[in-house]
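What follows is a single structure, written as structure tokens, with notes after it.
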Amino acid sequence: MLLDVKNLHVKYGTVEALHGINLHVDEGEIVTILGANGAGKSTTLMTISGLLKPSEGEIWFDGKPIHTMPAHKVVEEKLTQSPEGRRVFSTLTVQENLNLGAFTAKNHKRVEETRRWIFDLFPRLKERKSQLAGTLSGGEQQMLAIGRALMNNPRILLLDEPSLGLAPILVKAIFETVAEINKSGVTVVLVEQNAKAALKLAHRGYVMEVGRIVLEDDADALLANPSVREAYLGGGKK
Amino acid sequence: MSLLTLDNLIKDFGGLRAVDEVSFDVEAGDVFGLIGPNGAGKTTVFNLITGNYVPNQGKVIFNGHVLNGLAPNRIVSMGVARTFQTIRLFKTLSALENVLAGCHCRMTSGSIAAMLKTPFQKREEKEAIKLALAELDFVGLSEDVETRSDSLSYGNQRLLEIARALATQPKLLILDEPAGGMNEQETDALIDIIARIKARGITVLLIEHDMSLVMQACEKLVVIEYGKKIAEGLPEEIKTNKKVIEAYLGTDDDEEEEGETCF
Amino acid sequence: MELFFQQLTNGLAVGGIYALIALGYTMVYGVLKLINFAHGDLFTIGAYLGLTLLSALGLTDRLGPFGVVLALAIMVMGLVAVVGIILERIAYRPLRESHRLSAVVSALGASIFFQNAVMLIYGARYQVYPHDILPKVVIPIFGLNVPLLRILILLTSVVMMAALYFFIQKTKTGTAIRAVAIDQGAAKLMGINVNAVIMIVFLIGPALGGAAGLMVGLYYGQINFTMGWIYGLKAFTAAILGGIGNIPGAMLGGLLLGVIEALGAAYISIAWKDAIAFVVLILILIVRPTGLLGERVAEKV
Amino acid sequence: ATIKIGLMCPLTGSWASEGQDMKQIVELLADEVNAKGGLLGKQVEIITEDDAGDPRTAALAAQRLATRDIIAVIGTYGSSITEASQNIYDEEEIIQIANGSTAIRLSEKGLDYFFRSCPRDDEQGKVAVKTLMTMGFKKVAILHDNTTYAKGLADEAKALLKKEPAEIVFYEALTAGERDYSAILTKMKASAPDAVLFTGYYPEAGLLLRQKMEMGWDVPFIGGDATNNPDLVKIAGKKAAEGFFFLSPPVPQDLDSAEAKAFLAAYTKKYNGVPGSVWAVLSGDGFNAIAAAIKATGSTDTKILAKYLHKELKDMPGLTGKLSFNEKGDRVGDLYRLYKVDGKGSFVLQP
Amino acid sequence: MKRNAIYIALASLLAISPAFLNAYWVDVLNSVGMYALLALSLNIILGHAGLFHMGHAAFYAVGAYTTAILNTTFDIPVLWLMPVAGLMAGLVALIVARPIIHLRGDYLLIVTIGFVEIVRIALINNVFGITGGANGIFGIDRPYIFGFKIRKPHEFFYLIWGFMAVTVFLFHRLENSRFGRALNYLREDDVAAEGSGINTTYYKLIAFVLGAVWAGMVGTIYAAKMTIIAPESFNFWESVVMFMIVILGGSGSIRGVILGAFLVIGLPEIFRSMSAVSDLINSLFAHFGVTLSLDFGNFSQARMLIFGAAMVIMMIFRNEGLLPPRPRTYPLDKIREEMP
């Protein structure tokens, strides 16, 4: 078990947003977390990354407790996140954003290899290497955010809504990329609104509702689950 | 006569031509979609219409008036309302007050009237609140009237932006990726709202990457790439347009039965 | 014409000091978006500490003039940096998440505190640096007699500016500083220790302010506990003029402000020179709303 | 019970050094009086309030003092600060003896309870012009710092100089509190004066002298009484200060009167040094005057005391020479002396 | 409502306070009142519209000087000059703010600081020969109300706090109107405000003008109260004080701003009276036979030090301000009933 989240409670001020989350991720898996808006998916990821501190519960990564670590230490454990809403460094260039992704990396040759790989993945980034990230279009920024997270050569990558705002062709590309990233040995936790695509890609999935995990199963089983179909896969379209 | 006409619009950012001679007409009463790859210049086109950017060349004609050079708030009061790609609500204010911002341009009483609390001011205020409540009901936020807007869920914040725009009583509503961040169920609800907006006689111009929404909601589509218009037509035509598939939709290698509307 | 060039050098010398203080201002501002109104008082503290160290250690005989200045500068910068770090810890860190202006008011409170603390410790009277630390060499440049020290002040500012610019733009830590300036949360996700970065900033900014205080003490001789306010305001003006948060901008703004003041005094009116400087500032901002070198990223909507 | 005397002075703010000196001196004198059994058999109590050198705070300080049963108040420094408090004391019939407020108009309002132990600007203006003329300067530059005091003096001198066979080649104001005045000196030098009259304060005077020397300009400088402060030489350096003239009421160091000597000895013993400025010493004169009045009249009725100060107190031996008031409450007698700084940095009284 | 009851109680307490306070403390309350008025007027600009304005003393100066000049040269009674002073300040605000209104955040801040400095320098240099230079203007009349001359602190108390009552009443209405909301919209996000049809430039200007008008009127009261005004009373530091009051009190909140004025202006005065406090403690203990000789008297030199520290501490513990604004309330139930 690579990542183990036990009984996680998180509060914003006095309001509790997570009421005891249990989930685990095995090495090499793609695990997706589904849930309506405001269910607490992003909160979960932020807490795993150490930006939020749990009021109760534990997070273990590769046998180490990381819930007590400051966020920047967690990154050194090779657990990185591409956050919701991109959060690229708007007045830095694309290049500088990518460099920051490798902030804790020690092996420069490896970094350069990764950079080339990322430019293959997203040629648009290479084209816009010295443009300020803030002037990129929404989609371009999303690519940059994912690319930046990959620069760290993570063992586990947390992706929070990576397809948000992307053109269909890119959404496909992103999902393919995620698969590719996973094949290259990176474990992935994927939070997605695009439930169907996410479940197709993932090995397992969790369903969250208002701060709790309500369902956990293999991805195929979830795809077939009628209540999941109704709630997240959209009944309306023909 | 068309409600909105874009005539050869050009917009440059430094050396980059973000919008390159784009022209199209939006007919009154339509739901009109603008699609294209990321960075194609869609949002920029919207910003040119709403007055946030000034075109380097070309004209925006709305309802017979040239909009070029007018301040955004003037354009709103002429009947063009918008939502933003990245949500821009008044964070610390309640949902109701966010919608009241939209009512603002249809009200007249100023600071002196407020201090004196004239009967007209009181009446106007009450009417505005009624209108705001009605718009909140319309998008389904009647439960959250007094909730601070930044504690609404993401999807609800998008709906609130729509309510705020509707409160300006627009003829043309411009939506920039309204379904962004919504799941499929929420998207379905949005499609319904768009249909009801159209039923109110409001023309809708939208950008969206969610093809299920675009295909269901739009009557007509324009596709741009690298700032240039590459296609225009009915959804079915666009769906099969080779250029569009290549640039935007991607080849459908999905073997699933529901096929093309997956993304 | 001689008057003009004389005034130009006068202006550049004053501007060099403004620039040095402005660098510290801009540094802190750039990262925390905090107008550190206590920065001027850190400058005062630098001036007083320099005097204390000078008289307490009696280094003059052992190290020779420039050695003394160097040793003093290092010690003063170190000590003021410590004060700066404590200031950040106590008065600013608890306010990091709140509205920007709350921190401004905290800074103003800290400024009042520092100013009065200096008064209570050192007394309200003017204090005076010994006159004979540095040799009074005058260098003739194009027929003008320019004191060596003025050139040194200017040079120091330029060197510090260049070093800082290089540090911020080209080094890894510098990029981290800029990242923290934009989005602290995202910076953490990159593995950046945000507190450490802010500490570095509060090490550099106040140290530069302290160095400027020492220089003013050494060159002008006379220091008092209220001096930081006026210099702080000038430096803030300079930082804005150049585009706040921008390092070459602080340098340019400082020098320009000094020159505007000198020329305004010479050709218009001495009594109105500060007003003239502000009028020029306002005119420049009307034309360039983010200062001379400020980034003008059109906000994307 | 005690006899309460107020002291209003700037303990904080830009003029804090003056105020703190005033406090030391008045407290010293009060202690001496008390050691000798006080006044009318009662101990004297000094009640000090900070006016921060700011009119609004001064008005509050005055209100506060007025509620504390004082019969007289010493202070304060700065004419506009004093002015903000004048009416309050007058309405409460409290005697006020200002020490560093030289603006002419303060005593032109017909206030019965207002006195000052310092001379007025017109007095000094006259002396300044006379000095300039006897020294034979024809082209004069006048520089002030735009404070009420310095500007008042500069204007006074300017008006008087116009009547003399002299030319004013330069008249401007600098901004106090800055450090670099070379731009101003450069401009002044271009007007080629025979002498410069600087009416501002010693911190700026010190810097001007020093920067003047550094630019190699050798012109006589004459200062007003606000430059009379030993720190001037420290700031300017002995070499630059040498030859600087200034006008001032005499400081105790320069008088051989028994009072001055005794005061100086006591001050040095208690505070280890000499008083920083003549203005603070003048507050001591204010205190001595009111003490003398109480002693002589045997009363603490302010009406009687005021009358005594106006009419009967004549040539009291003060810390700065003989002291009497005229009917306006102004100190009478020509108090001003001319000093010159010598090569050792000491202030030498000129004959 | 309970809250209203508290306010009424506090207001009544304040109204009768001159009866049992001496002239000094009444005058402290006057000072508090004047700064509270100034801060309330700044609150419109800074608190509601969110414009970083640190030069409010300039408008205050315009009002005070307008009053002083017109009163001393034309003998116009000072209270008549109150609206004139207000309009004059408003006019100046309009002219000055127009070209700089588009500046953002800190750039606006420095420009307003520059403005207040320019005004002060102009006053010192006796611009147009009417400001009296560094001396300022003296001999300003006391105000008359119905033939009654106002001069004593407690008389000014009712003038100042009476004006305060009017101000609070009007500003409260203003806040809870279309106008007040519009200011808040542009504070929160001016791009979104424009996109919702709000003329942001217009509202920013009006906020400036309205704030200036009020500051100008307070200037009249100040001139009449001091009877002498000088440039140093309107320096940058005065603007800073007003700024601190607004932020410390809670920007956008009337009650917060008033409380802020009590603290920022009152605390240094309370620290001034520390000797009274120590005397009180000593006598209390003496009562129980314990001899103490506490003396906080030497506090006067340190009072500003403590004040500075207090500012930092208060800000840290209440970083939204002491009494942040409450959300507006609307009579929704009533309005819903009327809806179909």
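Read from first to last, the chains carry the letters A, B, C, D and E; within each, the first residue is number 1.
Here is the rule we use: a contact is a pair of C-beta atoms (placed from the backbone, for glycine too) under 8 Å apart; a residue touches a chain by one contact, two chains touch by 3 or more.
Predicted, not measured: the structure shown is a model, and the values here were computed from it.
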Q. What chains touch chain A and also chain D?
A. C
Q | Smallest count of steps, each to a touching chain, taking chain D to chain E | A | 1
Q) Which pair, A-B or A-C, has more C-beta contacts? A) A-B
(Q) Relative to chain E, which chain's C-alpha centre is the most remote? (A) A
Q. Measuring from the mean C-alpha position of chain B to the mean C-alpha position of chain E, what distance in angstrom results?
A. 43
(Q) Need the CA-centroid distance for the pair chain C / chain D, whole Å please. (A) 36
Q | Whole-Å gap between the CA centroids of chain C and chain E | A | 32
Q: Among the residues of chain C, pick out those that touch two or more other chains and give their numbers.
A: 116, 119, 269, 271, 274, 300-301
**Q.** Two or more partner chains touched - positions in chain E
**A.** 124-125, 191, 195, 301, 304
Q: Name the residues of chain D that each touch 2 or more other chains.
A: 12, 16, 20, 146, 173
**Q.** Residue ranges of chain C touching chain D (in the complex, touch as defined)
**A.** 3, 6-7, 10-11, 13-14, 17, 116, 119, 123-126, 128, 131, 136, 138, 145, 147, 216, 219-222, 224-227, 230, 261-262, 265-266, 269-271, 273-274
Q. Quick one: in the complex, what on chain A touches chain B?
A. 34, 36-38, 85, 124, 135-140, 142-143, 161, 164-173, 193-197, 230-237
Q. In their complex, what parts of chain E are in touch with chain B?
A. 170, 173-174, 176-182, 184-185, 188-189, 191-201, 206, 210, 327-328, 330, 332, 335-336, 338-339
(Q) Help me check something: in the complex, which residues belonging to chain E touch chain D? (A) 22-24, 27-28, 31, 124-125, 133-136, 138, 151, 153, 226-228, 230, 232-233, 269, 272-273, 300-301, 303-304
**Q.** Residues on chain C engaged by chain E in the complex (per definition of touch)
**A.** 29, 35, 90-91, 94-95, 98-99, 101-106, 108-117, 119-120, 233, 236-237, 240, 244, 269, 271-272, 274-275, 278-279, 281-282, 285-286, 289-291, 299, 301
